[in-house]
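Two complexes, one shared chain (chain A), two partners (chain B, chain C).
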Partner chain A sequence: MQLKRRKMSRGVAPALGLLTANLLLATAALADPLGPAAPPPVANANINDDTETDLGLTRVDSAVLFYHEANGRVQTTEPMISVAFNSEDGDVLSVKLTSDTLTGATPNGAAPWKQAQTFTTPAQAPGSTAVVTSASGGSSLVTLPGTGTVVRQYTTPAHQLPTDTGFRDQRYAVDAGYSMQWSPESRVSIGGSVSTERDYRSGSINAGYSRDLFEKNTTVSVGLNLEFDQSRPYFGTPTPLTVMSGDAKGGNKSKTVQNIVIGVTQVMNRIWLANLNYSAGQSDGYQTDPYRIISVVDPVTGGPTQYLYESRPSSRFRQSLYMGNKIALGPTFADVSVRAYHDSWGINSITAEINERIPLLSWIYLEPQARYYSQTAATFFHDYLVSGQPLPTYASSDSRLGKFSATTLGLKLGIKTGSTSEFYMLAENYKQSGKSTNPNAIGDLASENLFSGVNATSLVVGFTFAFR
Partner chain B sequence: MCPDDDLAPEALTAVPEGFRYCFQAMASPCEVRVDTSDPDLARDLGRRAEAEVRRIEAKFSRYREDSQLSAINRSAGASITVDSETAALLNYAQHCFQLSGGRFDITSGVLRRLWRFDGSDNLPTKAEVRRLLPFIGWRRVSWDGSVLELPKGMELDLGGIGKEYAVDRAILAITGVSDCPSLVNLGGDLRVTGPRRGGERWRVAIESVDRARLTDGLLALAHGALTTSGDARRFLLKNGRRYSHILDPRTGWPVVDPPRSVTVAAPTCLEAGLLSTLAMLQGRHAERFLRTEGISAWWVR
Partner chain C sequence: MRNTRIRGRVSGRTLTALALLLSTLTLPACGALGVKPWDHDLLAQRAMQLNTHPHITACHEHIYFSKEGSSGGRTFDGGGCGCN
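Let's turn to the complex of A and B:
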């Protein structure tokens, strides 16, 4: 469907006919002493002429991602290994294992303030009588007077974005898929995935069908995806828009996602392959972040009067339209794409991306990448709520639902170490920018940086190889 | 076909269709059939065809020390500028390599050092084959359209297309000077210039893979070429398993479970030869390949 390397393409016979005619024409005059015909021109061999197929080969792809957000925010190391078994007929069985270790601080959703702020969360899982005996980074255990309940408290200094540093998680994920040539013109695939971390579990299955038309110049495809997720917050699920406290919370919550993608890929001309995809998905169920709060502030000074747990709608319908192009320009190879997105939470976004693969020598290439992203805010996004005003049904201060734009710049280096193996490194810098101060904000908040977006740097180091 | 032991210095004989001109080249009995009542014309066309075949053999045979191909194979990694004809053939071989997903590879000739298909059970070991694999692979060859660099230890072998190319060139040598219906047959790879006088078709027999039978079928050919790939005489037999002589250059081992023989008809001998080879290289999927490509072919399993 994308520019995959063809195994032996259909239409070998006509292609061979053309080649042979050329050869016999080119050599026709050779016996003639008056002069040989020029051979047909062949471009310099370079990595983009690579037609090595993976047929009958087992390919292993291993990589490690190092991700680091600025200002002590989230860091993660994510090793990954995937294996694809390619049969001689073009059937592929693939399995991928990923593990993730996240540490660092994540914004808790409250707005900064000119004085220090203290936040209280439960110290034990619901129904458990055991108490965390050592508080994790930056927080302390406090026994509430009068009730004897032990809660966890942490304090954010003045003028800083409140973050919860007691955050460390381990995630494991397995993805498996099987794709086979159903008929000479069509391909079928099925797959599934499972991922688990201490407070979240997710499972999904997917199926896809694609069909070639017009002598493989056009491919149409459809894919379906079903997902089931379960949120199991450490200390239970809080009731939305209730006051943040150390009280025991509710049980696990779940959500389901159904998604369909329809696409068409078209060979536009000898050097240009275009792809158009439309995707629609519906999510139903618990989509709130159980750890996030939103500040309710005094209408005059802007100081926090309460912290409430956030609330998001339980239904979300998303749509997106994606157009991608792969263009061979001389020895280089460009990938240019645009995506437009709209969902029922009021978020509209646009992504534009360009990658250019530049072969330096036959065994080494550089690929600079640039991506621009811009989104509008969800209808229920608020930097903070104002005390005295009626509570909205839904409210969240998560900057990922706010208005922002982001630029990513990256550079990939690939080194071909063998006929089927390659070592690669990809370094990326991601910078989000949203309104940093809002002069219309209440009181002191007008001088605080309310935007909690990130700057992140990541590095992927990987090695891929294949064998029989 | 001409008898192998044809010793007549003047190799022209009269046959019902006209005349038959025989000679030995490329380790095969060769014949040129000319549909005419004029023996001088037949002899002239036969000689032109023979000259072209010998020219190609002298230039591209790996068995001839003085051939250009042998010079390339002795070059030990040096840069060689080749002439237009060699360049055209190398480009062709490169395109066939790409079209076939790497199955057709003119650098695979070194495998003959290990594989001798003499009907015995002498299979090489996996280790022996693995040691040769670094010297196989068109991708390791540096070729930019005029300058070739063949890494030391690697060899080019045009055996896969040499005979078919010679047939096509011989036909061109004949049609360049005469309209006379002719057939050129080099060891079973054949092509006709067109139908015989009166519009009749040429009669061709497909050699049987079964020693007990002389022929597997009789074809009538009015245009184009016919080639047959098969293991009638060349194979290895070990533990009841038959190893065909079609080697997959990607693995160094014989293709698994190919048909016993595939005969392909196509407009030119090069196409027919490549398609029948490619079909055999598909192993047990040969028939599916032939059907999907819509090739005129006959096969024996």
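Let's turn to the complex of A and C:
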């Protein structure tokens, strides 16, 4: 109940407020969007012949994401709004604000077991004597005998996936960018972003260049991005592969990410537009999840003997090859894309996605969406470690680094409310599938569900409009 | 373990080689593709933009970044948040 009340006050209410404000703003702006001599905007509200551009217009786009994972896992409410000022010459200045409210339970990395498991975490920030959490979400505060140290404990029932129910965060992000026509054939862009949440800060800067070739049928582009992140765990950063405890941990950690994306966009023929991107990214610094642990189990029974904080490499090199296509098929428009991905942690993945926009009337369309994703496991992924065996340098039981596949099925609805305005809504289900039981697992772990994939439903509701 | 590492290395090289090969082969061929300006009627439709709904794309990127081991491709692969 407490979580729900928090969510309403911090998540849904501002989100609904944002949409209402945007609708009111739209009403005012569209009352006279193109000047007194302009025709009513609804006159061109035909989705089958919508070639309106935003040149000279200011575009406002707002949306809210409601994301819900089954079994009491993560829930998110994420309102966002962007404003883009478009000059008659094609220059664009854009600003985007995003807020993110997360609540719910997240897997702590331990393997399920046939008996209840109790986990102990710190309750005090490093160097502080003040307890900064309350006994909520199924956890309790305990004073360790003889030390006076207050710790937080929570218990997972037998055969259930261990999750930390105290998961809660609020994020705010600002993105800004400016792009301009550099010459009749080329554009340049610069941008940056900052985001802050209670235990993480991030900032990035980017620059891009694109050039049109062959009567503007081909566009080549290159983009660079530098990101600086700081991880500020609530109770400090634990030393990797040390035993989970309520003791205060170390200081903050940082990470840098450098990215390059090289792309070609090509008009293939009158109905087909293709986009090919190669991207590479290098991450250096702290990339371990400070809250996540991994079980060390008895080599015979499979029962947990201790819990260690996980450990990941400090360097990661990612590469991907992406191809997107837009194809006009009669009155419908298909969006077909594939991506091949590889990184130095050993993860290889394939992603395929198809969306088909189908007009129903001149002002409304439906767009069924489907996506398939499959990845291999990172080289240091383990469901658990075995007591008595040498500790590896890196180990994580994070299912996001394990082998799994995922499917997304969704349906988008778009309603043209004017020549430059649209109401849109997307509902979808995202489900991960993996090997739930492993007959080769040690002892009684063979009958436990070791896969902690998610099953999530989400809804995006948005409204966009432009005015002069 | 060794097999996985070898497989991973080959896959990474393959991806790089494929990207270089595609860019080398496709760019000169691009001149032979395309349409004349008066045939841009369908390409000029809003629905033909590569990203018709940036906020929906951003939601997807955020969800997949925080729930999967891969990211990027369409754009930069950084996340800007601590959810992964």
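Quick note on the criterion: the second predicted complex is superposed on the first by the 419 of 468 C-alpha atoms of A that agree within 3 Å, B and C clash if a C-alpha of one lies under 4 Å from a C-alpha of the other, contacts with A are read in each partner's own complex, and residues count from 1 in each chain.
Convention: a residue touches a chain if its C-beta (ideal position, glycine included) is under 8 Å from a C-beta of that chain, and two chains touch if they have at least 3 such contacts.
Since the structure is predicted, the reported quantities are computational estimates derived from the model, not experimental observations.
Undergrad: State whether A:397 touches chain B only (first), chain C only (second), both chains, or neither.
TA: Once the two structures are laid over each other on A, A:397 reaches no partner at all.
Undergrad: Would you sort A:419 into first (chain B), second (chain C), both or neither based on which partner it touches?
TA: Touch status of A:419: first partner only.
Undergrad: Looking only at chain A, is it chain B or chain C that touches more of its residues?
TA: Between chain B and chain C, C touches the greater number of residues in chain A.
Undergrad: Of the two partner chains, chain B (first) and chain C (second), which one does A:206 touch, if any: first, second, both, or neither?
TA: In the superposition, A:206 contacts chain C only.
Undergrad: Once the shared chain is lined up, is A:89 touching chain B (first), chain C (second), both, or neither of them?
TA: First partner only, chain B.
Undergrad: When the two structures are overlaid on chain A, which partner does A:262 contact: first (chain B), second (chain C), both, or neither?
TA: After superposition on chain A, A:262 lies in contact with chain C alone.
Undergrad: Would you check which partner chain A:163 touches, where first means chain B only, second means chain C only, and both and neither mean what they say?
TA: In the superposed model, A:163 contacts neither chain B nor chain C.
Undergrad: Between chain B (first) and chain C (second), which, if any, makes contact with A:195: first, second, both or neither?
TA: The answer is second: A:195 touches chain C but not chain B.
Undergrad: Just chain B (first), just chain C (second), both, or neither: which does A:279 touch?
TA: A:279: touches chain C, not chain B.
Undergrad: In the superposed view, which residues of chain A touch chain B and also chain C?
TA: 49-52
Undergrad: Show me the residue ranges of chain A that touch chain C in the complex, using the header's touch definition.
TA: So the residues of chain A touching chain C come out as 47, 49-52, 61-63, 65, 67, 78, 80, 82, 98, 100, 102, 169, 171, 173, 193, 195, 197, 199-200, 202, 204, 206, 213-218, 220, 223, 225, 227, 229, 231, 257, 259, 261-262, 264-271, 273, 275-279, 281, 317-322, 324, 326, 328, 333, 337, 339-349, 351, 357, 373, 375, 378-379, 400-401, 406, 412, 424, 426, 430, 432, 454, 456, 458, 460, 462.
Undergrad: Across the complex, what residues on chain A touch chain B?
TA: 6-13, 15-17, 19-24, 26-28, 30-31, 36-42, 44-45, 49-53, 55-56, 88-89, 184, 419, 468
Undergrad: Using the touch rule from the top, collect the residues of chain B that touch chain A in their complex.
TA: 52, 55, 83-85, 87-89, 91-92, 94-103, 137, 139-140, 142-146, 168-169, 172-173, 250-251, 266-268, 270-271, 274-275, 278, 283, 285, 289, 292-295
Undergrad: Using the touch definition up top, name the residues of chain C that touch chain A in the complex.
TA: By the definition above, chain C touches chain A via 1, 4-5, 7-8, 11-12, 15-16, 18-19, 22-23, 26-27, 30-31, 33-37, 39, 41-50, 53-56, 58-59, 62-64, 67-84.
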